[in-house]
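These notes open a run of structures that come right after.
One chain, subunit A, links the two complexes that follow: it is found with subunit B in the first and with subunit C in the second.
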Partner chain A sequence: MGGKLRRRAVITGAAGMLALPGKAPAAVGAKPLSGVTLNVSCWNAPYPQFLKKYIPEFEQETGARVVYTTPAFPIYNQRMDIALATHSDAYDVINVTFIYIGRWVGAGWMTPLDPFIANPKLTPADWNPKDFLPGIEAAFRDSKGELCAVPWIADIMMSGASRYDLIHGAGLTMPDTFDEMHKMLAAVSHKDGLPGFVVENHYGWTFLGYLQGFGANVFRAPPHDLMPVLDSPEAVQAAEFFATIMRDYGPRGALSYTYDQVTAALKAAKVIYSTENEAFVTQMAQKGAPAAPTCGFSLFPKGPAGRFPQIATHGWGIPAGSRKKDAAWQFIAWAMSEKLLLRMFREQGWSSVTRRSIIDLPEFHAKLNYNGFDVAKIYLETLNLADKGYMAYRTVPAYPQIDRQINIALQSVISGEKKAAQAMKDAQHNSLEALRRAGVKL
Partner chain B sequence: MPRRGSRAGRRHGAEWAATALLLVVLAPALWLLQMSFRTEASINGGVFVATLANYTSLAGSGFPASFANSVVASTTATALALLLGVPAAYALSRGGMRRRGTIAMWVLVTRMAPPIAFTVPFFLAFSWLGLIDTVSGLVVVYLTFDLAMVIWTMRSFFAAIPHSLEEAAWIDGAGVWGAFLRVVLPLSVPGLAATGILCFIMSWNDFFFALILTRTNAMTAPVAIVNFMQYAGWEWGKIAAAGVLVLLPVLAFTLLTRRYLVRGLTAGGVKE
Partner chain C sequence: MSAGAGWARAQRRAFLLGLAPALIVLAAVTVGPAAYLVATSLTPLTPVRPGSGLDFSHPLGNYIQALFQSSFPHSVLLQAELSLLTVGMQTLAGVGLALLLDVESRWMEVLRTGFLVPMVLPPIVVAIIWKVLTTPDVSPAYSLLAWFGLRPGSLVTNPVTALPLIAFADTWEWFPFTMLMVLAALQMQPREQLEAARIDGANSRQMFWHVRLPFIRPALTVAVLFRLIDSIKAFPLIYVLTDGGPGRATEVTNYYAFVQTFNFAYWGYGSAIATMMVAGVFVLSLAIGRLGFGRDEDA
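Let's turn to the complex of A and B:
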């Protein structure tokens, strides 16, 4: 009380020269969240934009007022990092960004959600938490195994060809293995002047499926044994393979391609094939895209050690600093209810869903069928692979430092500046240094 | 004759070199301009197809509101910085205080560390005061660094104006502030223009504080531009069109006051 009076006095006194917006007194009503204002934020992606249209229904139903912001990805992450680090109560519901899971969840900045899920007063009986694919949900569990966010998207890595007609014309199909991929790229690249292959220059992400496919990994046994193993013979082999296909079949300036440039090149059918996020490659099938009539899709190819498509996931969570946690959970429970997600799929075409019951629907498979390629099947098979737990490296708080070393190593191999063995040896050495600086016990 | 020819040749050479240098300097802005008129299909290269679609699409987005926020925050901060900073600079230049050098150094302290060092204190204070996502909050932040700029710049301008002019005004019956307002200030107009432009540009171009301290209501144009970098693809056309629009106020302001600006930037450098 005293704090509030003091704050008001400071504002009144200091802001005499500037008009400050005031708050209307909360209306008292019969609805469960009348008078509650929830600050909700997520980076700008199709799902939060779809969700925006339904928020008035939540407000109408509960009486809550939702202040909903969806800034761009870099802006969102910067703002949240500061808000969470300062234990601010500025937000009540936020997106837990995939690349920050280790940092935000690992530091205890997010609220464990299991008690809310178990509370029948806050969670409807038919909410069915087991419907969420466990492989995706696992990324949001803290060291005690408690769930800190409910996943709203699983963006899988898969193969996409903008000119499947060229592949088919060469007597081949979408490649299922690294060897088939190499053979296909050799057959179709630079025919019609088109480069065969490109991925975004974030190799700490796009290379990892190849690294693991050759039997290597980033750490020895994450998340418990964080000894880097980037200089293993398998890792060197993976780097050589990846650099070869980028160098021999990539476009000019392949090293500079960001994700939006890869997406634009694929949509315009200016590069034949890529292994990228579903959110990017499926844009080839959009109405009006030059690649739409000729695009094809398949699972991320497998290497000698198996298939390791990378999976990015984002989820709704409650910051530890929020003072309206019960209301915040009610928003999450509503936003991630099967009923609403099904409506979003049917009414707005939201397809990267995380609930198994929706993925299994025949209408879901029918909608994600492009030129005869069942993307829904690819999606489900990829998500099932995540159960193996190979994405555990991504939840290590110090992974961003290692990510940087992988980027540097791959750039130097692709550009020919270093041999793969030397580049990976340097990456290993620098990763060890980075982990020691971060205080990781090895 | 040959000497005149070689002199003319040197002059032409210098003109060509100046033109080439100008083109190099202007190249990014010109590139931005042509990109803002390209269609989405031709934005990454190919045949130039002119369109106004990028500008018209901005009208339907939240960009106009962000642009207005930028205008209000920058002009208010600049006006307040001049209003408060110019008398302060005059006092520090002419006043008889013993520790005026120390005071001037303390004024500069906000410019002695990178902005990120002040981020957490500002964020916590603004959260507590309820100033997050308000234009008035941005004005306060911009004032902190604009004031230092005004005080230090205007102090050197006032130092270059001979004391004898004020003394003459005093003899004619003017008080200290009368002499300041009627004699010193009119002589400082070039300095005021230059300082005002610099303050405006600093506030106008701020990205970092606006990024951290705003959400939607007070978002400024530089942050709104970055918001066009979507996960599913960057909206290059909108980024370019918004970039061109952001250039315009500074360009107009600078052109309007360039007569004063050149004099202002060169004056005050030499004491008489």
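Let's turn to the complex of A and C:
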């Protein structure tokens, strides 16, 4: 009874609330979501931290109370995996993590959002769902083609240097190939006591651009042929190259660097160069960051087989077990409205946006020009590269298992415990076993 | 006679009736979940496949997979190494400090309390302390060494030192437990025994081996058993410091089960690992009891 009343109140208030998306809704009379508590969770990244600052506006205008949690990436994924698997109603809005799309969406654990988008009572006409980058949005569609999450990030991998002055001083530019990168690192590393290179220790993500750049891949022809090919000569060559630059030019304890440590080291100009997510490396250019006056950017370097910058996306979705789906959708509609994203871009510098209308703005290009480096151009060029389809390996439901095997293999090579050939052979053997166990027909 | 037997039977029945509520509660909270764990271990339960929790078609599938899969036996070997290191170091540190602190003095009381601090810290806080201490960029220990011109590598990312480091951090946290148990036993020892040994001309080493150690042996056995069981449950330090790495260098059985269960959602397989761990601990405890280390020779 009470639940029905609350639901009605939610729908009644929706029109007023959605009249001003981005600026929290101007409600007339009673607040539309009074008495509703929404449990919202995302892994800890720059965007959810930026969004946190606007949530009080949503609460004030709608009357909803938002319990907002942002645990670390692995903790978040484990927590959500269990919550979704048990159809728990503990969360109303969650981040759908890229590598879990196959599992969470494929198993029907997420609520299709198309009915909410199509409902004019819940979604204003100017919300414009077609504005989202289609290639990115496609990752969140289930087998029936229904959208199960709204992407909040199109995160691309690119190169960033905190001390471009050192690179320039050595008579070099931002490297465009693996060879140039190696030469550059040899020239500038450990000058001024600074290590040359570091990436986060999630090698199932940060190594893949190198793996594919050398002409190797995780699976033979994903998503249809999932035979792992991690022990190919190209894969071994990629592992050797990657381990060499990590070992020779990385900081002490490079293997333990998480993404927040990498971001902090880059911002503080304590490591010279990295190939990392755009959302992390562009923080070097933030006002007040020690690296801001000396940072430089470029496309992810290309290898003998070409350029394969990794592209990830994460999106807001509603768990199938949530009992407040209407209110949850209103939070997503507000968080992903063009106006709020534009405010986040203008006020917080959030630039990994998924709405084409913002990317096309002249001010987007102007603002993403740091020390003469056109990051907006890098962003768009990288997104265009994604059309080649080389990211298909990542949404395979069993990828989390393979991701761990790649992590273990790369750690073994970087730490010197194993030779690249042996480590990749072990990764291949264990991946085959993991896939068979997951019921994948090889 | 028969009246007496009838009374004894009635008494037994009364005792059983009185115990029944407690036994029922005990069964519900311990035996029930344990039975469920064993039952689950006989299925390929995973939340991704509906109905897998009721699939008993290959009841030993998880066990066969574990025993013939390279990662599980490897994790057992690592577990044995970690347990041996932690229990060994904690026993030595605990006994040594207990002997030093077995002196009647107000200052010693303060010192004893100070030694207890690591044990009362939440395990995750201990893990964070060691994370800071072992991260070269922020560690005061590394800064101090740098001041002397030394630049050692990171211990947590070196496959040779990662496991001993975990054992050392665990020892730092838990040696006070052994110390407390041994100290309590030492303080129970009649002073006449020590005096008699001294009068007989026993030196310090003889005092320890022939007078003190036999007396504290039962308490020490209990402490070792507790620490052994706890070492098999090692988790927060590995989770925060190494995540089972580098490679698989610190992926002990408990952590292996965690990864299989929570990262890959193989709940049935994780249950099989947990069942084998419980069985292992049970056999180990029984073996230690049978070896007779816990028996009080004076009794």
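A few points about this structure:
Keep this in mind: the second predicted complex is superposed on the first by the 291 of 442 C-alpha atoms of A that agree within 3 Å, B and C clash if a C-alpha of one lies under 4 Å from a C-alpha of the other, contacts with A are read in each partner's own complex, and residues count from 1 in each chain.
The rule is short, and it goes like this: a contact is a pair of C-beta atoms (placed from the backbone, for glycine too) under 8 Å apart; a residue touches a chain by one contact, two chains touch by 3 or more.
Everything numeric in this text was worked out from a predicted model, so none of it was measured.
Applying the stated contact rule after C-alpha superposition, one finds that A:82 touches each of subunit B and subunit C. Within the superposed three-chain model, A:123 lies out of touch with both subunit B and subunit C [touch as defined at top]. Judged by the touch definition given at the top, the superposed model places A:407 against subunit C, while subunit B stays out of reach. Legend: residue contacts after superposition of the two complexes on their common chain; A:279 is shown touching subunit B, with no touch to subunit C. In the superposed model, A:111 lies in contact with neither subunit B nor subunit C. Contacts of A:62 after superposition: neither subunit B nor subunit C is touched. Residues 74, 78, 82, 85-86, 261 of subunit A touch subunit B in one complex and subunit C in the other.
Put simply, subunit C touches subunit A in their complex at residues 47-49, 65, 69-71, 134-137, 142, 151, 153-154, 156-159, 242-243, 245-249, 259, 262-266. Every residue of subunit A that touches subunit B in the complex is listed here, in rising order: 7, 10-11, 14-15, 17-21, 41, 43-46, 67, 69, 71-75, 78-79, 82-83, 85-86, 88-90, 260-261, 263-264, 268, 279-280, 283.
Those residues of subunit A lying in contact with subunit C across their complex are 74, 78, 81-82, 85-86, 103, 107, 251-256, 261, 265, 270, 397, 400-401, 404, 407-409, 411-412, 414-418, 423, 429-430, 433-434, 437, 439. Per the touch definition, subunit B reaches subunit A in the complex via residues 41, 44, 76, 80, 119-120, 123-124, 127-132, 134, 136, 139, 211-212, 215-217, 223, 226-234.
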